[in-house]
Amino acid sequence: MQTTAPFSPHDASSNAPAAGSLRLPPAEPPYYVAGGEEIALFEAAHADGTAVMLKGPTGCGKTRFVEFMSWRLARPLVTLACHDDLSATDLTGRWLVRGGDTVWQDGALTLAARHGAICYLDEVVESRQDVVVVIHPLSDHRRLLPIEKHGEIVDAAPGFQLVISYNPGYQHSLKELKPSTRQRFVTVGFDFPPPDVEREIVVHEGRVDEATARQLVELAIRVRRLRDRGLPEVPSTRVLVAAAKLIARGISPVVACRSALSGPLTDDPDVLAAIDDLIRGMF
Amino acid sequence: MQTTAPFSPHDASSNAPAAGSLRLPPAEPPYYVAGGEEIALFEAAHADGTAVMLKGPTGCGKTRFVEFMSWRLARPLVTLACHDDLSATDLTGRWLVRGGDTVWQDGALTLAARHGAICYLDEVVESRQDVVVVIHPLSDHRRLLPIEKHGEIVDAAPGFQLVISYNPGYQHSLKELKPSTRQRFVTVGFDFPPPDVEREIVVHEGRVDEATARQLVELAIRVRRLRDRGLPEVPSTRVLVAAAKLIARGISPVVACRSALSGPLTDDPDVLAAIDDLIRGMF
Amino acid sequence: MQTTAPFSPHDASSNAPAAGSLRLPPAEPPYYVAGGEEIALFEAAHADGTAVMLKGPTGCGKTRFVEFMSWRLARPLVTLACHDDLSATDLTGRWLVRGGDTVWQDGALTLAARHGAICYLDEVVESRQDVVVVIHPLSDHRRLLPIEKHGEIVDAAPGFQLVISYNPGYQHSLKELKPSTRQRFVTVGFDFPPPDVEREIVVHEGRVDEATARQLVELAIRVRRLRDRGLPEVPSTRVLVAAAKLIARGISPVVACRSALSGPLTDDPDVLAAIDDLIRGMF
Amino acid sequence: MQTTAPFSPHDASSNAPAAGSLRLPPAEPPYYVAGGEEIALFEAAHADGTAVMLKGPTGCGKTRFVEFMSWRLARPLVTLACHDDLSATDLTGRWLVRGGDTVWQDGALTLAARHGAICYLDEVVESRQDVVVVIHPLSDHRRLLPIEKHGEIVDAAPGFQLVISYNPGYQHSLKELKPSTRQRFVTVGFDFPPPDVEREIVVHEGRVDEATARQLVELAIRVRRLRDRGLPEVPSTRVLVAAAKLIARGISPVVACRSALSGPLTDDPDVLAAIDDLIRGMF
Amino acid sequence: MQTTAPFSPHDASSNAPAAGSLRLPPAEPPYYVAGGEEIALFEAAHADGTAVMLKGPTGCGKTRFVEFMSWRLARPLVTLACHDDLSATDLTGRWLVRGGDTVWQDGALTLAARHGAICYLDEVVESRQDVVVVIHPLSDHRRLLPIEKHGEIVDAAPGFQLVISYNPGYQHSLKELKPSTRQRFVTVGFDFPPPDVEREIVVHEGRVDEATARQLVELAIRVRRLRDRGLPEVPSTRVLVAAAKLIARGISPVVACRSALSGPLTDDPDVLAAIDDLIRGMF
Amino acid sequence: MQTTAPFSPHDASSNAPAAGSLRLPPAEPPYYVAGGEEIALFEAAHADGTAVMLKGPTGCGKTRFVEFMSWRLARPLVTLACHDDLSATDLTGRWLVRGGDTVWQDGALTLAARHGAICYLDEVVESRQDVVVVIHPLSDHRRLLPIEKHGEIVDAAPGFQLVISYNPGYQHSLKELKPSTRQRFVTVGFDFPPPDVEREIVVHEGRVDEATARQLVELAIRVRRLRDRGLPEVPSTRVLVAAAKLIARGISPVVACRSALSGPLTDDPDVLAAIDDLIRGMF
């Protein structure tokens, strides 16, 4: 069983600048409204250093949740948005020439492993295979990171935990996590919050009154029912907050919803018209 | 709520040369004729630092609008034309060897984030995934830009705002913005201006008389009706201005319209003949 | 309205060697026989700095026309043959290490923009998207070239003009200029010259007598009628000149036409036989 | 017949840092419960230096087995997770610039060959052809590693043995080991352990009581029967241990199984519901 | 009209080592038996500096012919075998670091252009587009080679001539020379020599007696008739010479023909059996 | 006619380290049992420096044969396993920076050409086109290797001979040697040895008694008959030796054959069962 070491960003032997990729846990808890048992599950996994996969749609608060857990567990956080051009080298580190000499610079994942940070790989399914494979030995009983280029095998410090996010709604026919990767993670499911929680978020983040927030959440519920009518994805809590902010700045609710809610969702004229009916019916 | 800092191009710690990517807001307002509520929407989004997506066809004034807003909001402007070979490194920065030493050069996006500039990514759908993903943390509540290579996390300065343009008319079966990207933006819709506004633009920019401009705009309206007959895109205000300029230089209207209006639209002999009928019917 | 600055290759701040990409306007006019209103159109576009697209088949004189206009307008000329491996860096410039120091070398397009040259991109449709996109800000009202790598935005000098060539006869199912690119250009159409002009060219360039030239042009007209019978492209004026040169060197007309006219056109035995009938019927 | 040399990590001429890729055999035997004749087969192959292919599904203990054999045979271990971006250079070594001079750094495979280590290539089928081909001369009577870049041919030290793992359950239509590669290995088959062995592992590794372990193993058996109903792969012993750990931390068995067992297996709502029935029927 | 300058390999300003790519014209004429009017045609084209395309099947003497013309015209020869990885840089030249300084090294094409050599691009259809495009300005009236990287435009010296080879028998559905490239060349057709000429070559090169050579040529004629029965290409004069050499070394004619003639042609058992019948029928 | 120079590895001007790629001919003949006229054919080809293609299935002794001929002809041997990432540069050589200066390092093919070695390209069909093309001038009457990067044309030393191997059993729909490459080689066919020869090899290499070897060879004959029942390739002599070695180490024949013979051949349960029947029927 793993005990969590006190975090000290200064006692690592890596180069100073790269330490910047590490965010210290925030002093104040980020605004986060819990939806279920995600906190207990995450804490149980963290206690054993088990890797976690956050499963859920766009904009439902996965990134915010990780920031919240970084505060709650008092662990530093390293966040990496994954994409096709992120290489294993970006994660593990590289040799740099500085002042005529060659010095080693830890990559973000190495940094996280050395410091016992939470390492959050956002949308990991977008990564190349070499990135996915490099996290394998960190996500089983070995908890180590071999760095061929540096001739070193880093044992993850206590407190280190891998977290990945994954949106099962997308159809990636070509890109998928292999079973041998998936079975290294326990999953924490996410979905849009229940109406009263979502309303509270819209009031808090969007700075509108209770009544407007109620209308926006009700509108979202109706639009989300259109999913089977050609919407690639339904409006997230994030777009409701964006619409609320425009309204708080004096834009009319109908214009704000067209700009923040229907515009980002689709370019299809028929679907746009259907959403417009819902918007005009609400305000 | 974000307040806008006074802009000073000299107090940044980045290398001087790269500052050249930044255009100071113009002293005089660029010629721009407003078509609707785009200015109010943009200002409301800017006040919260919300990212904006400009949606609309080719040549309807999106670039001009961003230059106008740069003047109106008195923020410097960084413009990037997106394409397949633009990498995240081009945006965030790179290490250069200068005089035997290695120095860091901010990329255009980093520069914009440090200076609180408006950062305009033209035709963002042409970008690679790594470019799209790198703007994610700048476009949500975090407003930060992690630069793995420099070991730094840049917090966007007040006034920084992401703006992207997008033409929904193209059929990009393979290239599309993912919902998780789209839902980070509020949209501002653009279309060709109404006839009298377009006529005013043609007179002002194309230096022809009122009557000729009226004929050119009327011709455009008729050609735009051919959209369903094989035109990949209809003539923009830009090509009307180009035709007007040729006429102002003494080229006959028919030759000018063939050169500036039908030639750029299509190579299809049948469609060219159909447009030619419209041209000869007008002049 | 743009006025044309006197050209001086020596007052630019770029490195000397790269200036070699620039050809000074020739002292004597290149041999060019005008076919229509292409000169007037080009001059009108040049007076406003409007970009020009030359549309027409292989070997009909587009390159020669640009050389002629370089002489007539007394502007230096930069010519770039486009292909898949030409990068934006090749056009805008790169950092070179010279004598232990890093110096900037302007690319051909930058050089043209600084010196107010005519910049001719031959077969632009073969370029990669990054090359096409880099010319966008040079081809609208902005007339500027952002060079991210050098941290500089170059304003095109007066006299600078973009010219691209394009052969609409090829079927590029995958490669096409996007409407947002095409609508930045006015077009100048090219085709094979009328028979008497073509005959004059063959006499002048091919050094044969009037009668032989007449036979060659007549043969070309007949072969061009075979276009629908499997010829990917018809014989250009260039191949008539090549055949004439062989005849002037003592090769028999039949052998010369097989070598210079039918051989380059096709490998298909049936089409070759059909052309051979026409050759033997003529001589 | 090969005799095994005593291992000494200090008498090799390679650079010190890279030696870090080598793990000394562990002092204590790793926890491993033998399932059949795999130990005898591996030892027989090792005695002749014959290469071994471990065939079996995800998470059934192949990696643990190799660690166990490293202890049992007292040979150091080099582990490499294979992927598309691993190059022959990563395996054989590269030239580095250090302090103005160029020094050679052995790659992980070279290191293993010099030190007579067991070299384990995990999921070798994910490698590129150049990686697969580079191991050919090490896996036949020659037992040598040509390093073109270093101008050297390394003879493998006694004790060196190649081990690869391979999951025949995946359908890699494009990626397959060629017969000329496969016939260089003797195979050792792996499968999930029998119920009582698996229960013992869950108790030991997952820290739950005998009864809970029995329920988890019984659940796994039932879920594995669903293979033909849309599961890409069945739950491994690893996920049972992960579920047990969550239960040991106080998470309810149903929630723990959803998080550790069904979540990682699939995103399909129907399959998830079927597994959920099995979970709720068990606890 | 072009006059041919005396060739002097020493008065060029390029770096000495690269001059090695240039072969001086041989002192003695290479063994070459003329088949038709290819020598007259080539000389006529050479006199005007017109580029030449050699069209014909594998192993019929195209390379030998170019060596012969290099002797006859007393021009140095640069030969380049084309393939997918040959870049424009390989042809035009590159910057090298030598002794702390950066020096320019001419590529093979530049070398040929400076020295007025014959530049032979073998199997040009295998090249990438950038290689094909780089030869365009050398193959029309301009006769120049722009080298963007060196900031130089090289005017081809008198005597410079481009020669390419091309095998129309291959079916390259994806790779084809574009008409705009083909129409820059006059063609010289090649085919297998007539029987008595081929017999003379086999005697001279293969060192067998007249009777054996007659049998080998007769065998080739019969095998060539099998073209429509599944042979991708028929046996060339080259394979007849190879069979003759084996016979001259004491190998029996049947074994020699199986080894040198049928083995290289095909792996298809049925076609091999058919050829074997012809071999055994002949000897 | 070529005479063979005495081999001296020390009088070459290339860098010392790279000489390591060259293996001196072994002092003792490698164990090799001749199957037919392959030795006479190879010697005849070698005497003229003619290139040789070894055609045959996996594991039938092609590599061993080349080692044997290296001993018999007393020529050094360079072996290269071909794959997709082997470049022409790897074969011809490259510039290295050593101690602040740039020195040239011969590639393996250049080394072989300078020293008159036998150069063996194993599985040449896996190579890229640039590798295949680079050997063309070495495999015809020219016997030279142009090295553009070093500005040098290397004439192959006497004794130099190109040998390639090729397995016609694989179906490479995309990768094939072109006729213009194949016709540069004489072929030497290989197949599995006749039963008594194969038995002798199994006894000698596998260290089992005559009876066991007889059973293993008989088993192989029966399994090879299954070729049409789904086996991508049949068991080679190599796998028989591997099974024999396991038996000699005390593994039971059935387990040894499953591990060394059926496991490497296939993953198909039905085919595995069919082979298992044959194994159990034999022992």
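Details
Going in written order, the chains are labelled A, B, C, D, E and F, and every chain counts its residues from 1.
By our rule, contacts are C-beta pairs under 8 Å (C-beta built on N, C-alpha and C of every residue); 3 or more make two chains touch, one makes a residue touch a chain.
What you are looking at is a predicted structure, and each value in this text was computed from that prediction instead of being measured.
Note on connectivity: the fewest steps through touching chains from chain B to chain F is 3. The chains that touch chain A as well as chain C are B.
Copies chain A and chain B of the same sequence differ in orientation by 60 degrees, per CA superposition (steps of 5).
At the interface between chain D and chain F, under half of the residue numbers involved are used by both copies, so each side presents largely different positions.
Averaged Cα coordinates give chain B a centre that lies 52 Å from the centre of chain D. With centres taken as mean Cα positions, chain C sits 30 Å from chain B. Note on chain placement: the centre of chain C and the centre of chain D lie 60 Å apart, centres being C-alpha means.
For chain F, residues touching at least two other chains, in rising order: 97, 100. Viewed as a contact network, the protein chains form a single closed ring in which every chain touches exactly two others. With the ring opened at chain D and read toward chain F, the chains come in the order D, F, E, C, B, A. Interface residues of chain C facing chain B in the complex, by the touch rule stated above, are 37, 40-41, 43-45, 47-48, 50, 53, 55, 87-88, 95, 97, 100-102, 128-130, 132-134, 136-137, 140-142, 146-148, 150-153, 168, 178-180, 182-189.
By the touch criterion given at the top, residues 15-21, 23, 58-59, 63-64, 79-86, 90, 96-100, 105, 107-108, 122-123, 126, 167, 170, 205, 232-233, 235-236, 238-239, 242-243, 245-246, 249-251, 255, 258-260, 263-265, 267 of chain D touch chain A in their complex.
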